[in-house]
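The chains carry the letters A, B, C and D, assigned in the order they are written, with residues numbered from 1 in each.
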């Protein structure tokens, strides 16, 4: 997971990092940055999606055999509140592992001095492919 | 739409621009950039999502009264092929306009010398809110 | 919730019943029936969807003021395993209540002598409308 | 497709029938019935889902080799208007065929003397499995 995450250029571009890896569960942390915002000044929906997608994808990878890579087949995200906290945390979890397809859910929370606030929630499907195989 | 798009900092960060605005249909263009890629070297899923979300949101806004802003309630995206072309185009369309909620679909295509290739497809819900009202 | 459920003709048609109502959480029970199956002899995807949609809708209604009715705006369902147990249970939960829109998630589990098995999982959006108002 | 549809007990239970089969596109017709309604007297969301899911699944099957069966991996449905017309038609289409996964979209329309009205729209993923293999 760490070796693969290091090759995720977009995560470097937005300043996200892996904050926890456990079997079937991965967390990604992101700090608020002005260049990631939408027209109201909040972190854009697609950035919340980016970090929870990566958290879910790597959560799926933790339960796959070595030498497998992971591709996002599809995801669905509901947005729950505007993202304006200094720190955001995305958690991805495996709901049902499979040889080919793994179903994951994930959440993005905003971390504030007075507690955590749910910002977005994802339900998606990840696909295992051999690392040396061209996707799709 | 143009005034609102100009405030979308994330679009500037990734180099996307508005390429067409028509009633109920908006297009966003993006050029391939290495800093937007995932671990296979393709444009990351969340970036495809970002441009088609914005295309859908503004497609919805074209049918709203003046003074309304648009928020993404939720979206679902299926990924169809890896994004490796030099140019990408996202098209957002209104399927059903509504006073509060507007249902949109959208597509991202890769533009190559030998034709267009579908890369991702979205089905989502947009919400109208008065411009001066705090979201959620 | 009980009065509204009694008017859900489809639930009577398929033999589903309300098995638990709590604030923000509702359960619907269904017994296996041959006339609800698909081509492999399992309970059809749409029947799993029917019971978890109703569980989510009523979970949302438990947190709404009296005199409000609930409409499904959209849902997404992932199917996790074939539904072949004698008893099925759908649980719907409110993730984020709202004045207009409520985000819910839900699960369908198969109940077997040796434990519960996840069959399907839903993420959806419910809308509150005044009971005397025509939907949409 | 016809042989498989004949084994879909739920379709017989609700009175739906196959009305058109073409490569990559299948239609299912349904007549309004009181026993399929929800609390407002409209056809229930899950019944719209049932017919468009089947239309999408068989649309996928038309492009698969003989001896393959189809399973729904996941779907997302947006509901656009209440279903109160005498006749409903679901159309399923293949957006991107694949060896394992096929992405489909579909629509349900209500057919009235004065024209068609969009009622629901689906975006989903279908999986090919050998007919003699146990699902999942």
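The definition used in the following text is that a contact is a pair of C-beta atoms (placed from the backbone, for glycine too) under 8 Å apart; a residue touches a chain by one contact, two chains touch by 3 or more.
Since the model is a prediction, treat every value here as computed from it, not as a measurement.
Q: Looking at CA centres, what chain is most distant from subunit C?
A: B
Q: Counting C-beta pairs in contact, does B-C beat C-D or the other way around?
A: C-D
Q: Taking each chain's centre as its mean C-alpha position, how far apart are subunit B and subunit D in Å?
A: That pair's centroid distance is 28 Å.
Q: Need the CA-centroid distance for the pair subunit B / subunit C, whole Å please.
A: Distance between chain centres, rounded to whole Å: 32 Å.
Q: Quick check: how many Å separate the C-alpha centres of subunit C and subunit D?
A: Subunit C and subunit D have C-alpha centres separated by 20 Å.
Q: Give the residues of subunit A that touch two or more other chains, as numbers and ranges in rising order.
A: Touching at least two other chains: 73-74, 76, 78, 80-81, 103, 125, 136.
Q: Please name which positions on subunit C make contact with subunit B in the complex.
A: Listed in rising order, the residues of subunit C that touch subunit B are 73-74, 76, 98, 100-101, 103, 125, 127, 136.
Q: Okay, in this complex, where on subunit A does subunit B touch?
A: My answer: residues 4-5, 7-10, 12-13, 34-40, 42, 44-47, 49-50, 53, 69, 71-82, 134-136.
Q: Please output the residues of subunit C touching subunit A within their complex, sorted ascending.
A: Residue positions touching the partner: 76, 78, 80-81, 95-96, 103, 105, 118, 121, 123, 125.
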